[in-house]
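Chains here go by letter, A, B, C, D and E, matching the order in which they are written, and residues are numbered from 1 within each.
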Amino acid sequence: MTLVTPDFVEELQQYGDDTVLRCFNCGTCVAICPLINDSFPRRLIRYIQIGARDRILAGGRDLWQCLHCGLCSRTCPRQADPAEVILSLKRLVLAAWREEDTKNV
Amino acid sequence: MTASKHQRSDRVGVYICYCGGNISDHVDVEKVRADVEKIPGVAVARTNMFMCSDPGQELIIEDLRQGRIDRVVVASCAPSLHETTFRGAITRAGANPYIYEHANIREHVSWVLHGDRATAKAEKLVAAAVGKARLLEPLQPIRVEARRHVTVIGGGIAGLKAARVLADRGLEVVLIEKSPFLGGHVARLDRVAPHGEKAADLVAELARSVLEDEAITVLTRSQLVGFDGYVGNYDLRVRAVSDGDGEGQGTYVPFRGVSGGTPPELTIETGAIIMATGFRSYRPRRGEYGHGDHAEVVTLPEFIRRFSMAESADGTLVLDGRIIRSIAMIHCVGSRQIPGIHEEDAEGRLNEYCSRVCCSAVLHAACRIRERFPGTRVHDLYRDIRTYGRDQEELYQRASGAGVVFYRFSPEEPPRVTAAQEGAAGQDFPLRVTVRDGLTFGEEVEMGVDLVVLATGMEAAQVGDLVAMMKLPVGSDRFLQEVHPKLAPVESSVAGVFLAGTAQAPMTIGEACNGAAAAAVKAASLLGRGYLELDPFVAEVDPDLCQGTGDCVRACLAEGALEMVEENGHARARVVAARCLGCGACVAVCPTGAIDLKGWSLKQYEAMVDMIVADLAEST
Amino acid sequence: MTSERTIRCDALVVGGGIAGLQAALDLADQDFSVVIVERDLSIGGKMIRLSKVFPTLDCSSCITTPKMASAAHHDNITILTWCELRALESANGAVTAQVTAMPRFVDEEKCIGCRKCEYACPVLVPDPEQGGFSATRAIRIPFSNAIPQVAALDPDNCMLCGRCARACPTGAVDYLQQPREITINAGTAILATGFEMTGPEGKPQYGNGTIPNVITALQMERILAPHGPYNRVLRPMDGMEPDSIAFVQCAGSRDLSMGVPYCSRFCCMYAIKQAMLLSGALPLADIVIYYMDIRAFGKGYEQFYQTAKAMGIQFVKGKVARLQAQDGGAVAVHYEAQEGDGVSVDSHDLVVLSMGVVPHWSPAGICEVSTADDHFIRSVQPSLSPVRTDLEGVFVAGAASGPKDIVDSIAEAGAAAMEASNYLTTVSRQQG
Amino acid sequence: MFDPKVITALLADNVRKSGNPFGLANGSINTWWKGKNLAGEGGSLLLTGLMYQMVPYINAATGLLEKYEDTPTAERIRFARWVPRFLSAAVLKMKASGEDRNSAARILEDITRILAASGVDFAYRPELDFYSGILLYDLGDLDSFITHARRVAGRLQEAGVERIITVDPHTTWALKKLYPRHAGYAPEVRTYFELADLSGSTDREVTLHDPCFYGRYLEVSQVPRTLLAGLGVRCVEVTGSGPFTTCCGGPAESVSPALALEVGKRRVTELEATGRPLVTMCPICQANLRRAGAEVMDLATLLAGIVENRRTGDSSRRTEDRGRKSEEFPSAAIE
Amino acid sequence: MASQESEGRILILATESCAYPGADSVGQAHSSYPANTYILRVRAPVMFPERFYLDCFAKGISGIIIMSCGEECPWEGAYKALADRIDSVYRMMRERDIDIRRLRLTAICTVCNRAFLKEVNQMNEIVSELGPPGQLQTGTVQAVDSQ
């Protein structure tokens, strides 16, 4: 059971994304993505929408499979810009890693 | 009954078309002419290159004027193309257009056959047409006086709209409304999806213009209790209902509507009736999504009313003094019910249809919440988002952009609304909503909420009394049923009774107004001249043959088109021409052949068959 | 050959599709004189070209032809086909329109619709009325139940061999026919200009129209029609009977990346209808509808959808991202199976695209009526009077003011006729 | 796949130290201009962004990473805190192939020929030819990117550069879209082919692979097509082209050479379906598509060839350039 | 087709709103079908009593096809009444030893060309196989005015 915590969207806005809520979960990005055979961009978008922050951080490294080729953003029917969302998530995850490193030091 | 009833004409004129080779290339037109000329009753048989041309038509006109003929048969192309042309020519010659019969020897002969067989078949078809033509009678369209007066039942938006446009067209209107107020459900809205007009403005303006119009009599707190007559000439009885208190006429009362006057008991003579009886909002069962069990579970109409008095606490919604941090809105409550999944109502019925307006209404409310109260979260739980209409998809987009979070559930596993458990994480909310979310890969997700709003659908209004009295058909969805969704979309099967707005099916305000105006235009067309001109093809009883069995009345497909009357102490069938549809269902069941269809009589068909088999008889 | 002609009438109806015909009939039945201006060779619009219609599964032709015939034979209605509206003005309670009658190269008065020209013509061209799947001639009656039954010559394909002129029994063929200008003076006008479907061209995800066996919904209508090009359901590339057919919903709607953000409104229902008809024609075929939301909102529509489900038609939630040609004429459909395995590629023998619905006509430069962001004609009172435009005396009906199914178009046409009648009544009261 | 955390840190560190992702001195990789007598003053500044020059090192690094990615060691060390020490500057320098270096140099030289033939007034100043930092941006290290971009922008602004001619999509995107937003520097940026105005004639057909940044992000894919059409070259299109072009896989090299190869192979299959010679205009695309087994020519090579009426497409041509001694040039490192 | 054409006459009762235009559509397509078919335009076939059909057979009609609008019938309830009537005609035909294949009720739409041709050809085969119906009752035929 996942408890929805929609505040995560606002946190992500610091890292550049403000389009993630436009997504209506059609799955185009998932099926158009040239490299990842998984529900990749939408899974992350959906996790953002319901605020599943921990899951995103746990699978953070997978974000770097994204080539930023932009096909998902180009074909997104809602202009939710999945590529930009992924980039924002990369930034968020990097920031989290750095914070972790600082703590460890 | 004309004197010539059982006589055959001996002066049939037959005109055979070459169609510029289309017929004559395959049919020996001159042979047909020569043979047809020998058929008893044929006075004249002519041919022409193009019967539809002016010279062709002149042949007919001239023969009629000269009195050579009194029945006409043209053998040419399909009747759909030129039947009206030749009837027109006959009219121009000063004769009755119904003395005409058409033989189709192009589409049914020359284009599908060649050689002698084509000629032989053409001859038979022409002969059959002659057989029928000899029995044709001059007919007159049936003229029925009609009152230029329409009664509109229901004072909601559709009823008001219908009354408004009919009065503008110059017809007299009576508007009957059960409640003390005009405006119906629209008056109970705040703003209207998707554009956000104020419902009060829409209703107030329309209702006042209706109340002020001298051509419209508004009867509020009134009910139809008597219905008699037929199309163009209905007699209605109206009685006052002692229901609720009114305000001064024309006063707008928020969430109730515009107050009408108090009615007398009266009788109305009217030409047509528009049913604008509206809908009823679905009432959730106790326990349905926690409704009735938790005070925080409300229906969308209830929410809209309370939301109109909303207050803000630092950008968070406050309703009735309670801070609302999070709202779940659930779609399809009382709509799209599925047998075996949803629970039937007390009468064993399900609302299997989509209520059409709820998706937009919910999204509009959600946008209003998020835009005015950014501190309040909105969770939207849906099955399909049906923002079908103009600017509705944009509303869905706007809701997404405004931060509404969507969840998709399947009817098999609807959301569950429960009281929050003590001490559970994130559970400082009174309620929690749990849903298996198709968008989150079928996972169960859960949210804490302060309020649950149920998007309740539309149900047919309870107009069983009217349905029974007026013998109106209802569909399996219990809404009033039109004759045909495309051929006769606002017509009920009772002639002169039309359907407008949500009496017929769930609709938006715009669609209801369109439906109302569409119903009004039918009423205006029907009554505009002050009389109705109906096709003469109706049943006709020969009282000498009628034995009064009543079989025809039982077989009749139109309510009240046939009735039994006493004539010189004998029961006899009588046709109410204004109600007869001309299908002939009665003809088949008459044991004595006393009833027949004018213009398409059984005797005429028998004559046609006789002509087709005539040579067989000769050979035996 | 150019001749000026002026027609006076009470109401001008622009567009002879189902909405225009209904509006014209509702006006004419009130004894108003009506002129219908139709851009095509025949009245009947999109509806006459359909196979069957939802949710009753009536034969579309059987529902449309009576309305076409009533309009054609109505004493108060004049029909001008193959006419282009050049200008439409409304001022001082009167509407003036300039119309160009395009040359058919066949004299409308003389033609008797016998098709001898068509049989004589040696030029074979793909029949646009059959989705391009079968051939017709360069001179022809556009389709079997066209009204009027008058031939027209297609100058782009005609090679001026003269055979049609020699074959014509009435001497109707006129290679030198010129456009004619017509002025219409009316009291009011109704715009019922209808819709058009976007094509697969310009949609690289769906192959830009180059993938064999990817067809549009209108082409599927022809394949399913009782008088269609093949007389049965076959796929166009190789005439194979498809075992597996996919419908791609929102292939040109609800999609900002394709420039149509709005919902095209009736695609869900026609896809379900076509799926049902297909399952009747090919009982063993697998039929899948890929969708985002099923919008079965009208009277009887949801029940129709549930019936389709019960018939075994599969509904898969997910927008198709990409189509790809495969060996042997199959088409790969890429989508996210949200209720299944995630990223999926399924193969189908035939794919039908539910394309976007766009306006058939733009008033720009012709008429001062304004359009909204979606390019459809703007309604100034969308709740109380959806048929009202911002130009006095000019009303709108049917898909001209946004995608609309037949039922809603017919109701709106009635409403437009009512408001137009009232406009005429008001103006004559003021002037009289 | 290698740990992005480590890779990102390493690359950011390299850029910080040397100005490019490989930790090599810019001067040691940017040698193509030597002996070309390019004007150093006036007109627009030709800024290669060092992308072409980095290809030999990218190939070398990818080769090394590839070796490890599919080994059991890689499985164990996947996402571990593991520094791929072989990515040191010295090793890369050693592994970079001379042929790759020459090939890159020839393309850049062709670009200068195209500009000259088009009558474009341009200057080249090796000391101002900086790496844009785009990889840092793509990897999500926005802070490091901004730091680097500001330094580059500062130097260019200092030098009064207002008009820039670029040669690859990544640098173009960075300068056109990212620098204005993140470094407050908004020069006029044009690609060389947007400025090209060539005459010449040939009769041939090619298939273009549009780089994502040109086709999709910058939407300039029509420009080379129009240019080629004017020279008699018809472009036979694949479905994935223009704004809908399919990725070559290149950008994944640094975290997963295997993935990059897989994506590249798929794209090659798509492109080769036309049966025409393949042409692209991005060093990363070219390198990755070549790695996936395709013969791919650079647009500059094709254009220059037509203008000079020479035969193009033969990778072994102009052997005289081979082994040209590279000269060292003064440091272009920032600061 | 011509060679197989029966001498027996086939009467077709075609509704004016569906089947009759459907037959026109077959003509427009120039699809040939047996010549022994006589199409009569009717408003609703529900008007014909049982005896009409039996009389037709008695007069020498070999086969009758009722081409109705089926479910699209403009008169609500007429189709059901018609179907019931035809059942009762079948009963009467059996009693009289008339092969019930001689009478057929079908639905034909305005563009149902194939269905039309199929029905007509099948009936033609049936009447070829069965020959003319029983003995002719010349008495009925003599009712035709023959002066």
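We take it that a residue touches a chain if its C-beta (ideal position, glycine included) is under 8 Å from a C-beta of that chain, and two chains touch if they have at least 3 such contacts.
Source: prediction; values computed, not measured.
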item: Starting at chain A, fewest touch steps before arriving at chain C; value: 1
item: Pair of chains joined by the greatest number of C-beta pairs in contact; value: B-C
item: Chain whose Cα centroid lies at the greatest distance from that of chain E; value: D
item: Chain closest to the assembly centre - both centres taken as Cα means; value: C
item: For chain C paired with chain D, centre-to-centre distance based on mean C-alpha positions, whole Å; value: 51
item: For chain B paired with chain D, centre-to-centre distance based on mean C-alpha positions, whole Å; value: 68
item: Distance between chain centroids, defined by C-alpha means - chain B, chain E (Å); value: 33
item: Where chain D and chain E are represented by their mean Cα positions, the distance between them in whole Å; value: 81
item: For chain B, residues contacting two or more additional chains; value: 80, 106, 385, 397, 408, 439, 441, 484, 487
item: Where chain C touches two or more other chains, by residue; value: 58, 63, 66, 205, 254, 338
item: Set of chain D residues in contact with two or more other chains; value: 243-244
item: Pairs of chains in contact (touch as defined earlier), listed by label; value: A-B, A-C, A-D, B-C, B-E, C-D, C-E
item: Complex contact set, residues of chain E against chain C; value: 17-18, 21, 25, 28-29, 69, 72, 109-115
item: Residue ranges of chain C in contact with chain D within the complex; value: 204-205, 207-208, 210
item: Residues on chain A engaged by chain B in the complex (per definition of touch); value: 1-6, 9, 21-25, 39, 43, 46, 49-50, 78
item: Of all residues in chain A, those that touch chain D in their complex; value: 15-16, 34-35, 61, 63-65, 67-71, 74-75, 87, 89-91, 93-94, 97
item: List of chain C residues in touch with chain A within their complex; value: 205, 250, 254-258, 292, 318-322, 334-336, 338, 342-344
